[in-house]
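First chain written, first letter: the chains are A, B and C, and each begins at residue 1.
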């Protein structure tokens, strides 16, 4: 069989980063190819090359064996390549129908947009995607799952040869996921080539026919799903057996440091109660959008809870702003490193010392020598790789940026550190460094909350795990009783388990 | 992965020495431009190098530069204040009104500064309290503040300022050094220290580069921004005192269009209009350049409006040239 | 139903204008006659045309501060053309003014598109340059009424079916803009580019080029307004419409066009301009000094932006199922 679209020998570099080197990928008509790899393995770069957003430095794109280039997104779309994106990159203020047809709206004979036909066609496409709602409402009035269905309808609206699905199920409910599977089967029957990107192995084995594995910007394996086992895939992805990855230390767990009781918010979470002990790593597991980050941010005063109390070392504390949280000794390393963590455009040392300026300065005046000393101390503990401390933090790789962000928070000498998806999107080497450091911190008596959506990380690092679902605590597990299955069940709400599910 | 070739645990503080950093900076380029204009002017007109002439020339930028210092901080923090010229008008009107009631110089100064502060507070509350975009808010208060002057004054003017009041805009501290120029130098130092040597200044940069991350890092974003708008208001009040004293009268059209000249001065000084970077020495140099160009053109009898074309071209080209230069270099590298 | 209607910015604005007119009518019934409305509309026509152009630019997350300067320069060239060649047909003069305006808009657009200079800096610069060019062209001299031909001055006042050409022209521009914004890919691209520039790239829209066209549009409309302004007031000099750029932006802000881009409508721009027009024309009627107009429009801008911001405020993420509405 001839591939619908084939990439051969593709390389792509960004200033200081080699994102892809000499990778190949073939997508066959009527077949689902799963693209597997860790965050940062180069999957999204590849998608952007396939959709004409990036131009490869080297390599060839073939559409039905014909060599071609995608100089613009439009060129890729014209060649029949369409993508449903990870974050539903759509237009909140425009109607659903327009979101589906923007850029290729049906026109009447005067060349004007034919809204009647547009709305009717949109309705039909939504129906095909398994969604029956009014296409004339504004997109912003839809929930996340429905926005995703709009993105799918948009992909159907062009006569696509290749459909790229970048984590399409991340925001969907159980029922919607099954409808998506049915849709994919239909697309297959229509002879479309599908590129399916997912972190969920059950999905990959359920829906994919072929696989391609990326690691650190290179292709490390491909073949038929029928010929491969889950363990093989994982091994290809991480480059070693999973069991040995986590440097968890046995730590004597001390008295309670942080007690949270009755935390609730009108729309984001409720009934959050737990204790965090000295030296403990408490994992917070859940699906994306379960309310974990929102809760953590209310703990440090970014948002206000409508009720609830926090005790720190036995004393009730009211925290209304991050500045107060830092003073109280609770710090939060946010998930969105580029937006909430690193201050790109400022040097490494200024990033590190920003929350600690009151310690390094004298009566409001900066003392650069103190700042460099503090920055050096913490960046070297985290094994930062950089040319100099006054280098712009934006010139570092993702992993090293994350080290700077963590160093920034540790330099405040907190009692409690909350790490939100601490290893998301960073390379394996940095990941291991972060994990090792986390263990070391716990051993020194710091209390750690780790929010993570990666089961191996949660299982490898946590002393205890709290699972959240739809803004509530859906399960509590001790390290000894942890299994991946229990976590997934609690997070997805598949079956009400006996252990500690809060109502 | 990408920085792997760099050795760990041995990170120097800085790669470049102070000299190299200064040499490569925008400010050095401005300094060269300033010197070139200075030399050009002295060659073009025999009157240029006279100390009293030079001293006179400083009046055409000192008042704007006072505001530009505070404006630089506002713009570095990612906001903008377009209402400064209108604050000048309102503060001047308030002082003129007080003069009619027989108020004397010290109280006039207090009124000028006080009105400036109140105007800044209004901006600050609307922007940080209600979270509105500063560009629209200050376009609104720009109309509001000057509009209030128009309501009070109509097509009239206030005059009759006390003699002692004239000193702020016309007096000399020592020899050729006017009060205004001395104030300019003093404020340059104060703002330079504030922006470059204090925690507050660091917070301003942090907010301008990434407001969300700054908030997460414990910077009190709203408070810092509020203070910045207070400062621009206060500086506008101060400039109003100087300008009113220099002109000796108040019309509602006083300082019309200054907001754009102040912003131009700040941007010419190398402050990124999108926030996050810029220095006070840069703004000082830009003020000197704009002042000398105006003065030089004046000596050559070039009308003021032609001068504004020059400033407009300067504004666009100082931003465009580095971009074009970078592109050309990249093309050569390929 | 009522609550939903009130959430609609345009309807809210209509309600505000009606309330304003009603308030005036309580004391001064003479203000509320068809003839008076027609006069207010005619008086606001130029602002409406300019606001339509500014709207396109603001929708794409840009701003055009040079519109009033562009108006003054195009208007001056139209007037000079008329004095130099009085026989030249007026439609041709208008076309020249529009072409020149469009060209000046292209300069803005090119700088924004090709050099990525922030729009506020670009138009701040071109604003002073365009005005300076008028001075270079004229040496600061005025062109007065007696130097212009009657046809040149008369066209905007010419009545067709009981309404002056000026009003007809603005109605035509509104209709055209309805068509462009609602029924052409370019119009929809304005919304897409401002609403989500990253996503716009994925849908095959060139963000820079779309902005370029928005500036061309605003420039062309400024050019047209240049002729209309000069012929209506029968005078052309360097400082005509100085500061008017802020009135244009004010009309847009009042009309609910979000300065952050992607939100706004033709109806909003028109209503925003009319709101300012009603105030301006009502002040003399209700015996408030015309000098109060500036302060009032300033206050209205602030109120409008506060109201719009409240309407735009994103709902927090709804995670708890019980609170999910959809």
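FYI, a residue touches a chain if its C-beta (ideal position, glycine included) is under 8 Å from a C-beta of that chain, and two chains touch if they have at least 3 such contacts.
None of these values were measured; they are calculated from a predicted model.
Undergrad: Considering only chains that satisfy the touch condition with subunit A, which of them also satisfy it with subunit C?
TA: Looking at subunit C and subunit A together, the chains touching each of them are B.
Undergrad: Would you mind checking which chain's C-alpha centre is most distant from the centre of subunit B?
TA: When every chain centre is compared against subunit B, the largest gap points to A.
Undergrad: Give, as an integer number of Å, the spacing between the C-alpha centres of subunit B and subunit A.
TA: Here the centre of subunit B sits 43 Å away from the centre of subunit A.
Undergrad: Which whole number of Å gives the spacing of the CA centres of subunit B and subunit C?
TA: 30
Undergrad: Where on subunit B is subunit A touching in the complex?
TA: Counting only subunit B, the residues touching subunit A are 1-4, 6-9, 11-15, 197-203, 205-206, 209-210, 212-220, 276-277.
Undergrad: Which of the residues in subunit C end up touching subunit B in this complex?
TA: Touching subunit B: residues 63, 111, 115-118, 120-122, 124-129, 131-133, 135-136, 140, 238, 242-243, 246, 249-250, 253, 259-260, 289, 291-302, 305-306, 309 of subunit C.
Undergrad: In the complex, go through subunit A and note every residue touching subunit C.
TA: The contact residues of subunit A facing subunit C are 51, 53, 72-74, 77, 83, 85, 89-94, 98, 102-103, 105, 111-113, 115, 141-143, 146, 266-270, 289-291, 294, 303, 470-472.
Undergrad: Would you mind writing out the residues of subunit A in touch with subunit B in their complex?
TA: Checking each residue of subunit A against subunit B gives 16-18, 216, 300, 302, 321-323, 325-326, 332, 334, 339-346, 349-350, 354-355, 357-358, 361, 364-366, 372, 376, 379-380, 383-391, 396-397, 399-400, 408, 427, 429.
Undergrad: Okay, in this complex, where on subunit B does subunit C touch?
TA: It is residues 80, 126, 130-133, 135-137, 139-148, 150-151, 153-155, 252, 256-257, 260, 263-264, 267, 273-274, 303, 305-306, 308-309, 311-313, 315-316, 319-320, 323-324 of subunit B that touch subunit C.
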